Amino acid sequence: METALSVTVGCFFAISVYLLLSKHVIRIMLGVGVLGNAVNLLIFTNGRLLREVPPIIAPGMSTPAMEIANPLPQALVLTAIVISFSLFAFMLVLAFRAYQSLGTDDTDGMRVAEPADEKLPPLGY
Amino acid sequence: MASPADAPIDYAAAMVTAPTSAADWIVVAPVLAPILLGAVLLMVRHKPVLHPWIALPGLAIVLASTVALVARVAAEGPLVMTMGGWLPPFGISFAADMLGSVLAMTAAFVALVCAAVAVRDIDTTGRRYGFYPFVMLLMAGVEGSFLTGDIFNLYVWFEVFLISSFGLIVLGSERSQLDGATKYAVLNLVATTLFLIGTGYLYGIFGTLNMADIARKAPGLRETAPLMTLATIYLLAFGMKAAAFPVNFWLPASYHTPRIVVAALFGGLLTKVGIYALLRTQVMFFPVERAVLSDVIAWVAVATMMLGVLGALAQSDIRRVLGFLVISGIGVMLAGLALGTPAGISGAVVYAVHSIIVMTALYLLAGEIAERTGGYSLHDVAGLYRVSPALAAAALLLVLSVAGLPPGSGLWPKVMLVRASLEEGAGMLAFAILASGFLITIAMGRMFALVFWREGENLAVTREARREGLLLLAVLVAPAIAIGLWPQPLIALGDAAAAGLLDPSSYLGAVFPQGAQP
Amino acid sequence: MEQSSDALTFFALLLPFAAAAVAPLATRLMGHRAAWLLALAPALIFLHFTTFLDEVSSGATITAGYAWIPALGVDFAWLIDGLSLTFALLITGIGALIVLYSGGYLKGHEHQGRFFSFILLFMGAMLGLVVSDNFLMLFVFWELTSITSFLLIGFDHRREASRRAAIQALAVTGLGGLSLLAGLLVVAGVTGEMSLSGLLGSGGAMRDSALYATALVLLLGGAFTKSAQFPFHFWLPNAMEAPTPVSAYLHSATMVKAGVYLVMRLNPAMGDTVMWATILPLFGGATLLVGGVLAVRQTDLKLMLAYTTVASLGLLVMLTGLGSEHAVAAAALYLVAHSMFKGALFMVAGVIDHEAGTRDVTKVGGLRRLMPVTASAAMLAAISMGGLPPMFGFLAKEEIYYATAGATPWLILVTLAALAGNALMFAVGFAVAIKPFFGVERETPKHAHEGPVLLWLGPLALAVAGVATALFSNVVHVLVSSPMATAIGGIPAEITISVVPHIGVPLALSLLTIVAGVAIYRSIDRLREMIAGMLAAIGWGPDRGFDQAIRGLIRASAAITSAIHHGRMDVYMGVTFTATAVALFAPMIVYGELPAWPAFPDLPFYEWTIIIIALIGLAAIVIAKDRLTAIVSLGIQGFAVAVIFMLLGAPDLSFTQFMVETLSVVILALVMTRLRLDPTDHRPLGEKLLDMAIAGTCGLGFTLMLLRVTQGTFDRTLSDFFEQWSYTIAHGRNIVNVILVDFRGVDTLGEIAVVMIAGLAILALIRIRPRAVPEPKPGPEL
Amino acid sequence: MIPYLSNILFALVWAAITGSFTLANIVVGFLLGAIALYLIREQVGSLGYFQRAVRVASLGLLFLYELALSAWKVAILVLSPRMDLKPGIFAYPLKVDRDFEITMLANLITLTPGTLSVDVSEDRRILYVHAIDASDPDQTRRDIAEGFERKILEAFR
Amino acid sequence: MSAAESFRQFAELVALGLLSLAFLATVLRVILGPTLPDRVLALDMLVGAALGFIAVIGIRTGYTLYVDIAIALGLVGFLATVAFARFILRQGAPSDESPEERRDDAPPRAKSMEPET
Amino acid sequence: MRTVIFGSIAPYLTSLMVLFSVFVLLRGHNEPGGGFIGGLIAASAFAIYGIACGVSPVRRALRFHPMAISGAGLLTSALSGLVSLGYATPFLTGLWAPEGFMGIEFAFSSVLFFDIGVYLVVVGSITSIALALEERESD
Amino acid sequence: MIDFAQNILAGVLILIGSAFTLVAAIGILRLPDVYSRAHAASKAGVVGSGLMLIALAVFTDDLATAMRALAGVAFFILTAPVSTHLLAKASYAAGFRLWPGSVRDEMANGLSENEQSD
């Protein structure tokens, strides 16, 4: 079980990194989206896997009746999902605004903050 | 496994039963106050005139509680509150030791000053679109990072200040801001994601998230590849946050783009949180792995120092010069980490305090310069010696501080680190610290001469500016010089912080008063 | 450190700083007459230090002070012996005169108060430097002298030359300062001593150390730069950009002698080795000759003096390096003499400049009748500089020739250097003293006349002191010279030389010096042209080299910086993920710990389906020809992940993932409506392959690490606890939710803070439009 | 409206009396309330309420029937080896004119065999319908008019 | 285990198999396109199939609480389709059969909207 | 996207979904759900409303600015943790009203208010984002 | 007895439901243009998933869950035609032509110019 997910996680990371390495903002954003899923699966897998038993205590019981899926990584991933979603939303809008303002979606062309032909500082005193 | 629902409940097995005194809340107040008031600020978003009246007292509370915290930690050792009343390591502990408290206090101080500067600098639009809430939550994130005793919670606070910094960096939506922010956002996101990945692995290895618990379990897992990989991932993630070479690109690409008061806050605070996290994880969790990595860290430190200062020499925009100086300073702190000795770590802590104050002040100084000359370019800005001798004096003191010359605050941590390097036989580090200091002297000496001394007809028009900025600048310069003249108290705190990190027994004792695993 | 305290000396050391603080105010109130008040400070300190003369002359070494930074072993402690006392007296004595002289020289200057302040600061720094016992205190004051001299040299800040000189001085002496710091810390590391007194008492510990050479080179790096030894000599003449009182003070009496002081101070602990006795005379001698020759080349009075100062410093270093009893005595005598005559001559040059409006030696003449007092002072000082009786300079020169006399080839070389240097200085000294005052009266930019008392008091006092000290040389020897020589040599020394010449080799050499000096003086104009021609032929000097170095540094920095910080984000990312790959693989390879080969996973077919759909979705994102296919594919892999969570017993996660994934796609689509992005991926094939390699390595690394971790044992303590108490205490059956809102509620608090701020930040991003659209109307927003 | 509200009120009262606010109990309460109201239908003027309920139910049944039929036809079409398609868009003149009714009709059309509402004209007179078999649009128009549109008018007028 | 239960479990497996095939077919349409509406339609369909999948898993595991997930999924799936429809409307008329492949040679709107200074 | 069909059905969908979201919020402590998911559902509802009927009706319907709602949510959550100051317990300690307070499935507790705060933050922020984007669209 | 009926009925319903879903998916693959494919998606999809949700309602013993499952079906029936309609309308307005084999397009001349402006 962990093995299958480990390999899956690796694929998620590989794709995400490949997208992040692109020059195009939108592909980078897609990479960010995949990266979030990759990490969530990674944390989830790190907490070890158990099939189909949700961590919910049945009515009438005070503790789980059988071995349940590890609830802690679920809580962590839930927090991480929310956070990465917020950041993702922000970055999407940022990409959109950057494109509007800068007129390019190619990061090589985004050279306002670090202009290519930057002047040397004064050489005198 | 299942037990009947009506079994008697043994609360003491799950919860802290001793009452929590109100005074203990100083450990959570630095986080809680900005969150509460940040939320209130959002509710009165359309009454911008109220914003400073909410934000400044809030930050004052943060400062007051962190000062109290430092005093209390100095007197009684680490202060712990485990949230929800659950026994550690099950609940999230806030654990203030000397390292966290000192940095928390310094951060609160500069944030308060910056927020005061912003009263004048940030217009109604900026306030309506969240300047003060961003600052409050940024501080909540930063203070939370310094004070939390839980590694995943540390990640959460990292994200809190990261997203707040996103808000601040784009506030204004100028073209260069959007460009810089894109790089800042993507690269920082990768960094925090690496941190999260590391934390996922950490949980998989240790089965715990409480820092004290990790520290006490780590010795049992020494010398294995997963632990080493974990230490390395953290090194990379926090090195990136701290802007260590070769993963520092986001900083020069972005720090000069936002409003100057924002840059001041960033330049002072954000990278230091990375340094804090490096110290916390590498020294407290992974001392053995850190020792293995020390050569790598040392070379990173050297490269960061040198490339930072070379970058500073190459810039003509004052803000960009400062961005590179931030980086160079990070290299110096990494040197302390590379050494890993009490003296080295203490030096890094003292340097961090110095750097928070001085880099913030330098950015604010740049703001004052621009206020009087309308620009930041070393090609245009001139003649300020005549216009504002007081500003020149402040500038000179800051230049001396950042260059590590007396009577500035930068001198003593550099002395500490050079000495620690020589004691460890790390001549390369000592050389790099001194050489980077020398090059900063040249860069900043030239800057001082060009901006203040130089006069010329084609240069920017200089004009008188309002006084408050200068006054607030003085509020930052004063402690810098005080540290330069009488560093003993700060060094004592730094030594205590280093001792606490290297031998976390008092930290462990504070988190687990019963000692053994519950 | 056990220290006796001495509050009076403590306050004496701080007094200059206090005076500096009040100087601007005093000057605003009293104008230039504040000089009289401010000069009281150095005068009082001078008097205070004279009280030590008695004790020190009887061979005592006084150490006292207070704890300053115990954590670093730094005390505010002073060491008073013959050497430091002499320096302290010179600094404060000449300092008082300089303050007075500044009162006249800068009378009416708008920043005279600031100037007083700087010069008093400088004096305080210099005084602290020479009396410091603690290494780091010494270093602090050392750096303070560099900084204050930066301010003083740049005082006339509107001129680029001043700014350049200031930066040059700061750079060169700053470099030396860091070298000194390193040296001191090496010494401290080797000997365990943080104080000079301790070091001096540690015997030969340092000399015997393996780090001796390192420490020596570092310490001399500090000393040589500060004392303008060849090849670092160039900054000192440029420092003449400073107002003349500064030149007189910094470049005669004190600051430049800090290096000499250091060398003398270290002589007992570090001297008497082959290295010491080779390096010091070599550099000193070279400096002496270079300074002398370059002095001849100048026409500016101040520059002429400045180069002779360089030469004199070389001479002092050379003598200290020789280290013999006579050499040490000669150094002690020459140092005192030089302070007096050079201070006087600089001030004279300043008076000429001030009164005649020019300092060009070829443009002034015959001022003797107009400025008789100044002329007298100049003559007296020149006689001392030339080493003629009955001046103190004579004693010094006699002793020099005693010291160098010897038959070894080394000593003959040293003697020749001393001879040549002295002759050159003789010529230049008289050129400064005679040419402006004698001969035909020349038309000058200003009509010259005798300056006010504040201007001539200083030079005259120093010139007269040159005579007086020589005439009462026995007293001076007992109180000053001998204790100083004792301190330098590290063994008791007694100097007996007096103005009455003794027949012998030294006298012969003295006479030879005079003859050669006169010859040079007579042909000085021709020599000047000759040297100028030679220098033009060489066409390069360290001074030009400095500019080239700075420009080269900036250009190189710019090249390096733009090569690294090139603004190309894909490369930034590439570096980051390469580092990630290394971080993942290096430990596994180094420790040789790869995870065990896992068994083929046993999953029901529908789980495989979901995983395959996730992978298809992923692949589709990459190969999608247009962005919308990619976005839809993003949705597919997101849904697949949600289903995976559901299958693995995480309904809350699945729930959230479905919602979030959809909202992400929705926001993407909403954003895309306006955003027409270039649909294709322009990476060239090579780059694509590289990126694939990086991405693949990262992915594999994460997989291997994950396998490795999950193959280990797992500690489920935390979750067991949560399961145990989720319902009984926290009243919740959904353990995940209880963790979120109770066990780990702080995480959730931070998380919603993130959500809130993200909302606000996005609002700011969308709404704030610089220039094009003004702030939106508040109307529709409630 | 008033009978409907009374019915809900009855359901809540039922739940309160029985002391159980579970969904099932409330539904039971609602049904019991409806019966109770039915008994007093003439006094409270809720006659229309029940007539309408019946017509709505009839519309619902028609819909479910048509839905099943539609799904079946599509299944047959899709699975037939050679799909014989004559798709196209035709205009359907609307009799219903209230937004709510237009919406309902359009949705029902979408869910029934071989037809799909593409758009409503600006003046809300014409519904454009895509049919998978548009060879005889008049027949389809008639089917709609006689089927759903009539039932809707009955139920909601 | 009763025969009815066995039948149900068999039915579950068959259903999961059919659903898996449905998933794959739908995903294929997403990738094949050729137009954006086709892809969106397929995504919408995918959500529908996932809904059924959740229901079957709910029955299979006995955790019928998954039904809430299904409801929420139906809801947001609807939202996604609406948003895409909106996007399609915005994107304007395609000039030929494969609208996405056409390149925008005209400068982006942003430039005319916010003049560079 | 203001078609007759969509425009007339969307308000009902929205109110249904908001109801559902409150249900999900309140039962989160015992079943899958909770403030975050509930908030997302409600925000999706408002997004649909906005797309179907325009932004202004949504803004009017909410009365307060969505970000103010978000702020109120954060305030609620933080305050529900602060209450424990008065009980000499650490921050965020769950405080429960005496059992059987309302006799219904969810108990009245500080934890509930915490989750309500989460809900409000999510509703406010996500709605704000959606509306802002939608507004940008239509101007 | 009830148990037996529940199991059988649930089994049958999920079989039919999943079969319909697959049919819809095949339809999506085979039909020629987006408008025809929408027929498959909206009808077979609704029926398929609806039946499976009903199966869950039948299977569960918890009435509240069953009610929610049925509510889910209702909800799906409510939204599916709307989204199909929106997609079709948007595609048409955006200019995605009908399959060339289509026999008529009465909307082509009826569509007013300002349709695209909302």
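A, B, C, D, E, F and G label the chains in the order they appear, each numbered from 1.
Keep in mind that, in the parts below, a residue touches a chain if its C-beta (ideal position, glycine included) is under 8 Å from a C-beta of that chain, and two chains touch if they have at least 3 such contacts.
Note that this is a predicted model, so its numbers are computed, not measured.
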Neighbouring chains shared between subunit B and subunit G, ordered by label: F
Each chain counted as touching subunit A and subunit C at once: B, E, F
Farthest-lying chain, centroid of Cα atoms versus that of subunit E: C
Chain pair showing more contacts of the two, E-G and C-E: E-G
Maximum centroid distance from subunit D, chain identifier (CA atoms): C
Centre-of-Cα separation between subunit F and subunit D, whole angstrom: 32
Centroid spacing, where centroids are CA-atom means, of subunit B and subunit C in whole angstrom: 27
Computed distance of Cα centres, subunit D from subunit B, in Å: 63
Distance from the mean Cα position of subunit F to that of subunit B, given in whole angstrom: 35
Residue numbers of subunit C (touch at least two other chains): 160, 163, 167, 550, 554, 558, 562, 565, 567, 569, 573, 580, 647, 651-652, 655-656, 659-660, 662-663, 666-667, 670-671, 673-674, 678, 702, 706, 709-710, 714, 716, 718, 722, 724, 727-729, 733-734, 736, 740, 742-749, 751, 753-763, 765-767, 769, 781
Residues of subunit A whose C-beta touches two or more other chains: 20, 25, 28, 42, 45-48, 52, 54, 56, 61-64, 72, 76, 78-79, 82-83, 86-87, 89-90, 93-95, 97, 99-101, 107, 110-111, 113-114, 118, 120-121, 125
Residue list for subunit F, restricted to those that touch at least two other chains: 1, 3, 5-6, 9, 13, 30-33, 36-37, 40-41, 44, 47, 65, 67, 70-71, 73-74, 78, 81, 91-92, 94, 125, 129, 133, 137
Contact pairs between chains, per stated definition: A-B, A-C, A-E, A-F, B-C, B-F, C-E, C-F, D-F, D-G, E-F, E-G, F-G
Residue ranges of subunit C touching subunit E (in the complex, touch as defined): 604-606, 609-610, 612-613, 616-617, 620, 625-626, 628-629, 632-633, 635-636, 639, 643, 646-647, 651, 654-655, 658-659, 662-663, 665-666, 669-670, 672-674, 676, 678-679, 769, 771-772
Touching residues on subunit E, where the partner in the complex is subunit G: 2, 4-5, 7-8, 10-12, 14-16, 18-19, 21-23, 25-26, 28-29, 35, 37-38, 40-42, 44-45, 48-49, 51-52, 55-56, 58-59, 64-65, 67-68, 70-71, 74-75, 78, 81-82, 84-86, 88-89, 91-94, 99
Residues of subunit G that touch subunit F when the two form their complex: 75, 78-79, 82, 85-86, 89-90, 118
Of all residues in subunit E, those that touch subunit A in their complex: 57, 61, 63, 65, 107-111, 113-114, 116
Contact footprint of subunit A on subunit B as seen in their complex: 1-5, 7, 152, 156, 159, 162-163, 166, 170, 173, 175-183, 185-186, 189-190, 193, 196-197, 199-201, 203-204, 252-254, 256-257, 313-316, 378-379, 446, 449-450, 454
